[in-house]
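Order of writing sets the chain letters: A, B, C and D. Residues in each chain are counted from 1.
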Amino acid sequence: MSTAFILIAAKNIRDTILDHESELESLDREIGDGDHYINMKRGVSTIVEMEADLAGYPPDAVLNKIGMKLLSTIGGASGPLLASFFMGMAKVLKEKGDESTHTYASAFAAGVDVIRLRGKADLGEKTMLDVLIPVSRQFTQLAADNMPVPQICTVLITTAEQGMQSTRDLIATKGRAAGLGERAIGHIDPGAKSCQLMIAAVCNLLLEAKESLG
Amino acid sequence: MSTAFILIAAKNIRDTILDHESELESLDREIGDGDHYINMKRGVSTIVEMEADLAGYPPDAVLNKIGMKLLSTIGGASGPLLASFFMGMAKVLKEKGDESTHTYASAFAAGVDVIRLRGKADLGEKTMLDVLIPVSRQFTQLAADNMPVPQICTVLITTAEQGMQSTRDLIATKGRAAGLGERAIGHIDPGAKSCQLMIAAVCNLLLEAKESLG
Amino acid sequence: MKKFINKTDDMLVESLSGFASAHSDLVALNLEPNFLTRKQKASNKVAIISGGGSGHEPLHAGYIGHGMLDAACPGHVFTSPTPDQMLMAAEAVYADKGILFIVKNYAGDVMNFEMAAEMLPFESATVLTSDDCAVINSTYTTGRRGVAGTVIVEKCVGSLAETGADLQACKALGEKVNSRTASMGVALTSCTVPAAGRPTFDISNNELEMGVGIHGEPGRRREAMRPADAIIQDVTNAILEALKPSQGNEALLLINGFGATPLMELYLIYNTAAKLFNQHGIKVVRSLVGNYTTALDMAGASVTLCLLDDEIKQHWDSPVHTPALRWGV
Amino acid sequence: MKKFINKTDDMLVESLSGFASAHSDLVALNLEPNFLTRKQKASNKVAIISGGGSGHEPLHAGYIGHGMLDAACPGHVFTSPTPDQMLMAAEAVYADKGILFIVKNYAGDVMNFEMAAEMLPFESATVLTSDDCAVINSTYTTGRRGVAGTVIVEKCVGSLAETGADLQACKALGEKVNSRTASMGVALTSCTVPAAGRPTFDISNNELEMGVGIHGEPGRRREAMRPADAIIQDVTNAILEALKPSQGNEALLLINGFGATPLMELYLIYNTAAKLFNQHGIKVVRSLVGNYTTALDMAGASVTLCLLDDEIKQHWDSPVHTPALRWGV
């Protein structure tokens, strides 16, 4: 996954988030405070605007810069979590020094782990982790199985979708919806939705490009 | 006009005001501050509640007590004006010491004069005076002509109605609507409306009772 | 209408009781007739009494205390108080140097205070406040309405009275401050008088009322909603026209919320208004931003400019200790 | 949505600029990253920094000044600030005795402040406020939310820090105050986040949200509108259940408006709440009534009770000089 790809992916992510304005806004109005779309928009737009500053750097440095930038632009709960994710990924990429599918899978897993630590949350708490943890597990498994990237992408799109949908029937125990008890049931978690959208955006791009990660 | 009649008239006035709640309220909302009905209601209800305390007194004392009570219950612009009216009437009644139609006509005129003085207002300024001044003039004239009371009442009902209607096309130069300029046009003055209603209530009572003033 | 009330008839007394109990260190409440006084009666000074319809809180009771009012007479919501209230309040706070009434210029208030003054067994004088420049002075008007500028008049006169100044001096300062003060308000929504149970006026989602009164009286015009800068420009222009300040004039800028407009917006208005006045050579050297003269639950705000001189500035700055304004103590 | 704004993107900076210019005697504003500090840097004391999403004005910037905060970091509306803001603010106000962060207990605020603390080149500690007892502590929750009680924590800790107390003592006092404080809010209408442009939640004309959060988060339940006494009884009961005060306990009672509820109603609520607490043997000896922790333009209010002891009372009473709270100076 080249820097060029990351920059195109950033645009795709931004477009996807912007396309889902009303849905993301509604979700956070229902069980949160209504700002998740605006937070995400601010973050993803800023990254796209940074394009020129990022172009010259290797992928790990780019992801780390993206993380740092998200940290100071998104705010809220999603800001430090997504920022941590990219910085966590960047660290593994830098350590491993290669760009294999395996490396990306373990970088992804590392990113998700940082989110877990930072948010003190786990699967089933009605957060973005209900998308990220299943996707990360699946990704690791499929990479270990040496499945080709396009197939991996197809599977992960479905996994993310299922994870997102799974939050609908959960009671929230972390984040702003944690106070709602039963009243959170029936609503999809906004952070889960935006993570699913971002994963789908990248996977679809990979599928279109038929470009391999390695 | 006996004390007993005044007390029955007070009830009639109260009922008439209460019957016109939504109209009086709307009028003051349109070109005032929306409290005229509530002010009037507070005043006329209190007078009816005073019945037992008033019963033993002669008409002039009763009207004076009514004025004093209105002064401390209505508030707003209409409070001191209506209070002044009754106190002004009472003074003439007391001075003249009789209860002829002439005396009532000049007492009414005196009451209206106190309102003019207190409010520094005159005919054509879109206030209650646009009802009271024509009615007072008419009353004085008809009493001088020795017209029988029932006929006087029939005329005054119409005069009051016309006076009230005349405020619709006036620009207000006194009271709360005075700031509105052209925007006051098309709206009847709330104080004019409630005075018209009160005059009609008393006149109708006199017509029903076929009781003479003298 | 959704409000925190029990019965509309009890609302005023319950609210006054809460006020008096929350500020029992500063004020005392009398019911029937309703008036509030300082907890500690002042001595040998002009007693300053204000009052008016309720629904403009913290005006006036919130300004009772050292350096400001001696007593306040609250009427029913948007209805002027009655003379018996003023008489009893005067009796309670009279301190051997006469009574000064500060009255907002509305027919009802003027007449009720006038009747009280006529019946009063003490020497008295009255300052009428009339800072609302939305009402253009013309043959059509009895004069301008008293709005948020009243707070500045009460503060300055209250300060002077504390020095032992006499009745005429207090009246003169009040009239000076009033003549150097102009205000104009904008409503985004109507207020709802509790006893009426519904909004005083209808206004659509893309309209504003320019020059609205603090009882929801119509203003200069109904117009389309616009960006804050454009709205405030019209407001500051009206004020400049009314006051005709000279270059370099020092001023106090008061941004007053009508009850339902958040502080965040009031500060945004302050930002715009201060810049615009500055462009006209006015030096804003004192500021007040918040809900000081409200109109029940109306969303909207007013801008008040008071042209300072050394005397006014000194009396504005002097210590004040009331429920709603406090500094220097 | 009708608000006094120009562009939603500019709103925060315009409002902060207005705030800083209206209070230029007390505070200084830095933009990009956004933070505010005292005009006069304090020396040799624990620097107290708070912050959080905007839309709760006067929280937190309104509490900057002697006896309270050293700096505040405003996030976007209802969005926690970012670590770079806290880092720069800390750099600006560090006064040789460490940094104490006062943070309302929301995942976003907690994490952003936590990351700032990790990156900070100074010693720091954090007090999390969590006074909202609407959220019943259970296995389902990460803990209660920080709401209006935060003001009391900031006031007391700010007072202690002024005495030269060390970081751990300040943290300990903050946690003590927080543990003795409980709040619950009621919404009559939703707030509208400017960038979203429409109400956060739908609520009909005869409903209220019992236990609402200061961002419009759902509370304990949606229920039918009732008389104020009945509503407030539920609120005070929840608070009593959370605090379990003993007979004769002295307390501070704070009635906080959410932004669109007039003072007249807040005092009515005070009247009811004080009576109810009194019936449970609590002596309300300190009061605060007004808009202190708002939720944009939400109509509604919260009740906060803080159980006093001599130490808390002393720090509550000590002089404070900020844009939104001032006494003794």
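Going forward, a residue touches a chain if its C-beta (ideal position, glycine included) is under 8 Å from a C-beta of that chain, and two chains touch if they have at least 3 such contacts.
The structure presented is a predicted model; accordingly, all values stated were derived computationally and were not measured.
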Next item on the list: Would you mind pulling out the distance in Å between where the CA atoms of subunit A average out and where those of subunit B do?
Entry: 76
Next item on the list: Express in whole angstrom the distance between the two chain centres, defined as the mean CA positions of subunit A and subunit C.
Entry: 55
Note to self: On a C-alpha centroid basis, what's the spacing between subunit B and subunit C, in Å?
What the structure shows: 32
Note to self: Multi-chain contacts only, two chains or more: what residues does subunit A have there?
What the structure shows: none
Notebook entry, point to check: Looking at which chains touch which, would you call it a line, ring, star, complete or other?
Noted result: line
Margin query: Following the definition at the start, I'd like every touching pair of chains, please.
Written below: A-D, B-C, C-D
Next item on the list: Going by the contact rule at the top, pick out the subunit C residues touching subunit D in the complex.
Entry: 2-7, 11, 14-19, 21-23, 54-55, 57-58, 62, 188-189, 205-206, 208, 225, 227-229, 231-232, 253, 255, 259-272, 274, 287, 289, 291, 294, 296-297, 299, 301, 326-329
Checklist line | subunit C to subunit B touching residues, read off their complex | finding: 33, 53, 75-84, 106-108, 111-112, 114-115, 132, 134-135, 138-142, 144-145, 193, 195-196, 200-201, 213, 215-219
Check: Can you name the residues of subunit B that touch subunit C in the complex?
Finding: 25, 29-35, 37-39, 42, 71-81, 118-120, 171-181, 183
